[in-house]
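Next, two complexes with subunit A in common: one pairs it with subunit B, the other with subunit C.
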Partner chain A sequence: MAYVAVKGGEQAIKNAEALLQAMRRGNKDIPELSLEQIKQQLALAVNRVMAEGSLYDCDLAALAIKQSWGDLVEAIFLLRAYRTTLPRLYYSKPLDTEKMQVQRRISSIFKDLPGGQKLGATYDYIHRLLDFKLAAENNEYHAPEIDNNNGTVPRAIDTLNQEGLIQSETDITDTDNEPFDLTRQSLSTPTDRDARLQNLARADEGFLLGLAYSTQRGYGKNHPFAGEIRVGEVEVIIEPEELDFEVAIADIQVTEVQMVNQFKGSKELPPQFTRGYGLTFGYNERKAMSMAIVDRALRAKEFGEEIEGVAQDEEFVLYHSDNVEAQGFVQHLKLPHYIDFQAELNLVRQMKKEQKLDSDNEYKVIKNIKIRPEESKDYSEISEVNNLAFGQENEANVFNDV
Partner chain B sequence: MKHQTERQAWMEILAKSSVVNIERQVQTLGKLPEYSFLRSPEIGLTMLRGRAGGTGEVFNLGEMTITRCVVKILDTIGFGYVGGRSKRHAELAAVCDGLLQQNEWSFTVQNQVIQPLQTIIQQKQEQQQRQTEATKVEFFTMLRGE
Partner chain C sequence: MTKTELNSNSSNSSTEPGFNFAYLDEQTKRSIRRAILKAVAIPGHQIPFSSREMPMSYGWGTGGIQVTASVIGKEDTLKVIDQGADDTTNAVNIRRFFKKVCGVNTTEKTSEATLIQTRHRIPETPLKEGQTIVYQVPMPEPLFVIEPSRTEAAKMHALEEYGSMYVKLYEDITNYGYIATAYDYPVIVNDRYLMKPSPIPRFDNPKMNNNPALQLFGAGREKRIYAVPPYTKVKSLDFEDYPFSVENWDNKACEFCGSTDSYLDEVVIDNEGTRMWICSDTDYCNGQLIVNSLNCMS
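Right, the complex of A and B next:
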């Protein structure tokens, strides 16, 4: 299937853009949204756009949301396009999530654990009832405070690690080989975990959520426990060549999820718990949990498990997870496909005609009546008429001109 | 970072403070020495990395914006590296880094810029910790049918 080049329509396109801009702005009597308002009051949308846009910058994400009229996938596309205009200057040291200043930290495998369970700002225990007080403006809210002198907490699943009950996560990075980079290398299967985690970190939340759900419903054995979910700020550290020492450049908010899965063991591996890992920019819990479940599902091969569900199929998951690519290919169908369709139209007409002739033949043979030779040629003339009516010739010329 | 030097500490504080706050504190210094750019403020990207399971294999998580700047001020070279896209932020960070390396300026800049900024960062962090602590929960497991 191919689309064709067309020309003309400049005025209509300009007007369509102007209409979009005017409609996006809405009623002039209503104050315009500021980026600061979007950043603060639609923070979770900003977080999603940064995570899937694969670019941490709250101001740019807020601008993208404003520009895209609230369409988050469009905003993600804008951010991805913008990042291509900037040079890459540094690679950070791996984020140390153990030193996170936690804003939320829960574990569903241990009731009591060092550092405790801290709910943070969450919808989890709130009734999903519309709050009509919010419909009115000038609401004031106060966050309660209790004294505490430590913001960092040890990892919840470290206790399992000490007993050797969970597959250990050791640094197997080959210092000679840089981690796989999707933005510079094309993905080919079979993949390693570094490529998969990068792909999943920027993957569409809805797609991962559906896949994670499918594993829970039985498409691929996967019975996960939320070992630990933590949200908070981690330090970004780089080591510029010109300085020769490390410098911290910012604190950024991330969500980290450690899923724990039972594993019966295989010929090579003892029975133990295995892990799925999720890490995203911002407060992005549903996405990070889905990522961790899908990461574990994609490790099926590593653990000698049978591939039974789509979530375990790396080719299926990794090649369809990116919403910028996916929306592009689905939406390109809006571009002119006149020539392709014309060919198909002719083909269907021809097949229909032939089928009719065949059945007429049968009928006529039964009745012992001969067909006229002209009748079998009719469709060629019809297709010529169609070419003219649909302007196919003209399009072909345009195509050649371009 | 395992052991942080004094210079790493002030560079971190300058990077993590807002440009508005730095500007306000720098103004208290009065007239600054002339300086020139060895590298004009430049916006680019840093690829952020994570580790599988927090401790395992390194992977590329996604990028963030960064602005860097190098100035020559008096006889020292100051570097600024800050997250985000504020050129002014990187410039001020570089200028302060340059001044802090000089005996006649370091005391004043520490007192009038770095320490107040550090206090602001610390206060914000402590408030956030107290807010999180207020949501600390003790769940009690109930027997089935209880």
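Right, the complex of A and C next:
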């Protein structure tokens, strides 16, 4: 037999991997990227990979970025696949973001506030002009002197709480309800806010950005204000059962966003402001803001609002937000599907054959315009009606009949 | 991590350093096995499980891989097929993975395997008692074409409210004169649950009925496991006057082994569009070739 069906053996797979590795490395005369370079100079990419990869480890995230040839969704996937192999040792105490060492902190709802406004490092007010000087290397940049040691910085929107103007959050730390664990339990709907927030925290940034944007354009609107955005380092604390005291195990950088939204009130609830919450690993403001807006949108049911946009549809949002899942299923179409396709081929051939039989049938014209057989029976014998209804093609038939 | 788990890690060491036997940690495997037991107890009913990210992409068979990883033991002999063939890239890759993380024996022979992981086919060689077949499932919910909301679909299953599925099939009959579903053809398991057989061709559906082997279904991305225990009734949906039927190839035979009763792949062999038909099940095809040559000799 001359023909061998195309099938990929083990060697082909190994060759594909070797080729990829060589192409990823590129020209050997160009120095290789170090993980330290990626960590320092592509820090925002590292942050995104840690957030959506759901693992706080700058070194591993940098490695994933290097290994994925700069494809961040692939890097996120690498980190998640690694994360799977790690045991869950403890649940930390809730992060206390009031005690954050603030690198950036702004509120758009107050001109000034206790703790102050602090721009930090941001692109917000930089003219987006390509900086051609940066193309040349060995530039030196000096950070302005800043005092990063702050005490407790109270949350901006708590001042609204004092007046009872904003819906208060329920404290679940004192209850017996263990929070949901998205990494250990299967998400099912309808679900609660703890599961939703976990899902959103590792959701694809682009997906959340698009959804948040859609609410602003009227698909489930709830006009948001940036109550507070803060970026900085917080302590992660655990309290192991076998020890009776707390242990701080790490300082991690997070971005926290609290949105304040209008709410006109419902039958059960008085008019007040409502909240949306966003939290991500690292400096990741666009994602955290999108998350907060979508969180608020998903609270529609809780506040008795009408569901009119996709961002308010819990199932739609939560089941399509994960880019590791989404990229897999979209791209799995690359896998061989020739068995199903064969079944479809057989079916389409059968359908075509039957259609051809139909078209050889004298009632062809009638069938094509989809008059039901029982209706057509009444009229088909009356050639004048056929003439009027079916135009020229039928006229030719009439001539032939004559 | 508990002490026992640390121990089991060391005793269950895989051939790949740094990873547990069959990749998943023992706790995870146990939780998946619990879901499998539930699934076996309620044939055809989808059981949620805490699916993990695997080192292969979602859609590449992560559900099947997790099920296999949870039930596989050192004594098992594993066969992996995709589209019926042992030598398609994805089958090769999954087999390679289990070789790497379990070091188990693998085979291409259906009759020699204790555990078979498959995508899109059921082998032509009938399965036996004691064998387990693991299907990779992309979309476990048979009702999703009618009702994309899981919350609603779950209610319909609970109430055994499958009328809309029959209406869909009926619409096919009014439009085309027959049921136009070529693969992933819905079945009722044990006279109770509507189930998707995973995208196997309609041709394979009858093999599921009263099968002596244990049939497990894993959907990784959708985080669902379901099962058909041995000797369980699996009925493809149909109507009395429109009975279920399987596709045929107008008496075409496999170009290699001459088989006329296996599922045939159509292969285009030149630029003029000439076709030939060959068995999709490569192991079955090889077996038939041997049978033929023995017949010739005798």
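We take it that the second predicted complex is superposed on the first by the 342 of 402 C-alpha atoms of A that agree within 3 Å, B and C clash if a C-alpha of one lies under 4 Å from a C-alpha of the other, contacts with A are read in each partner's own complex, and residues count from 1 in each chain.
Operating definition for what follows: a contact is a pair of C-beta atoms (placed from the backbone, for glycine too) under 8 Å apart; a residue touches a chain by one contact, two chains touch by 3 or more.
As the structure is a prediction and not an experimental result, all values here were calculated from the model.
Enquirer: Touching A:L345, do we find subunit B (first), subunit C (second), both, or neither?
Expert: Only subunit C; A:L345 stays clear of subunit B.
Enquirer: With the two structures laid over each other on chain A, which partner does A:L335 touch: subunit B (first), subunit C (second), both, or neither?
Expert: A:L335 sits against subunit C, while subunit B stays out of touch.
Enquirer: Tell me the contact category for A:G70 with respect to subunit B and subunit C: first, second, both or neither.
Expert: A:G70: touches no partner chain.
Enquirer: So, A:I13: does it touch subunit B (first), subunit C (second), both, or neither?
Expert: In the superposition, A:I13 touches subunit C alone.
Enquirer: Let me test your reading of the model: by the given contact rule, A:S188 touches which partner, first (subunit B), second (subunit C), both or neither?
Expert: In the superposed model, A:S188 contacts subunit C only, not subunit B.
Enquirer: Between subunit B (first) and subunit C (second), which, if any, makes contact with A:G210: first, second, both or neither?
Expert: neither
Enquirer: So, A:E246: does it touch subunit B (first), subunit C (second), both, or neither?
Expert: A:E246 sits against subunit B, while subunit C stays out of touch.
Enquirer: With the two complexes superposed on chain A, say which partner A:F180 touches: subunit B (first), subunit C (second), both, or neither.
Expert: The answer is first: A:F180 touches subunit B but not subunit C.
Enquirer: In the superposed view, which residues of subunit A touch subunit B and also subunit C?
Expert: Residues 83, 87, 89, 183 of subunit A touch both subunit B and subunit C.
Enquirer: Mind listing the subunit B positions that touch subunit A in their complex?
Expert: Listed in rising order, the residues are 1, 5, 7-8, 11-12, 15-16, 42-66, 68, 70, 79, 81-85, 125, 127-139, 141.
Enquirer: Could you please specify the touching residues of subunit C with respect to subunit A in the complex?
Expert: Touch list, subunit C to subunit A: 1, 5, 19-20, 23-25, 27, 48-55, 57-60, 62, 82-85, 87-90, 92-93, 96, 119-121, 138, 148-151, 176-177, 180, 182-184, 199-203, 221, 223-224, 247, 249, 255-256, 263-267, 269, 276, 278, 280.
Enquirer: Touching subunit C in the complex: which residues of subunit A?
Expert: Residue positions touching the partner: 1, 3, 5, 7-10, 12-13, 77, 80-81, 83-85, 87, 89, 183-190, 315, 319, 324-325, 327-332, 335-340, 342-347, 351, 354.
Enquirer: In the complex, go through subunit A and note every residue touching subunit B.
Expert: Listed in rising order, the residues are 50-51, 54-57, 59-60, 83, 86-95, 97-98, 101-104, 111, 116-121, 143-151, 155, 169-173, 179-183, 192-195, 197-198, 201-202, 236-238, 240, 242-243, 245-252, 256, 258, 275, 277, 279, 281.
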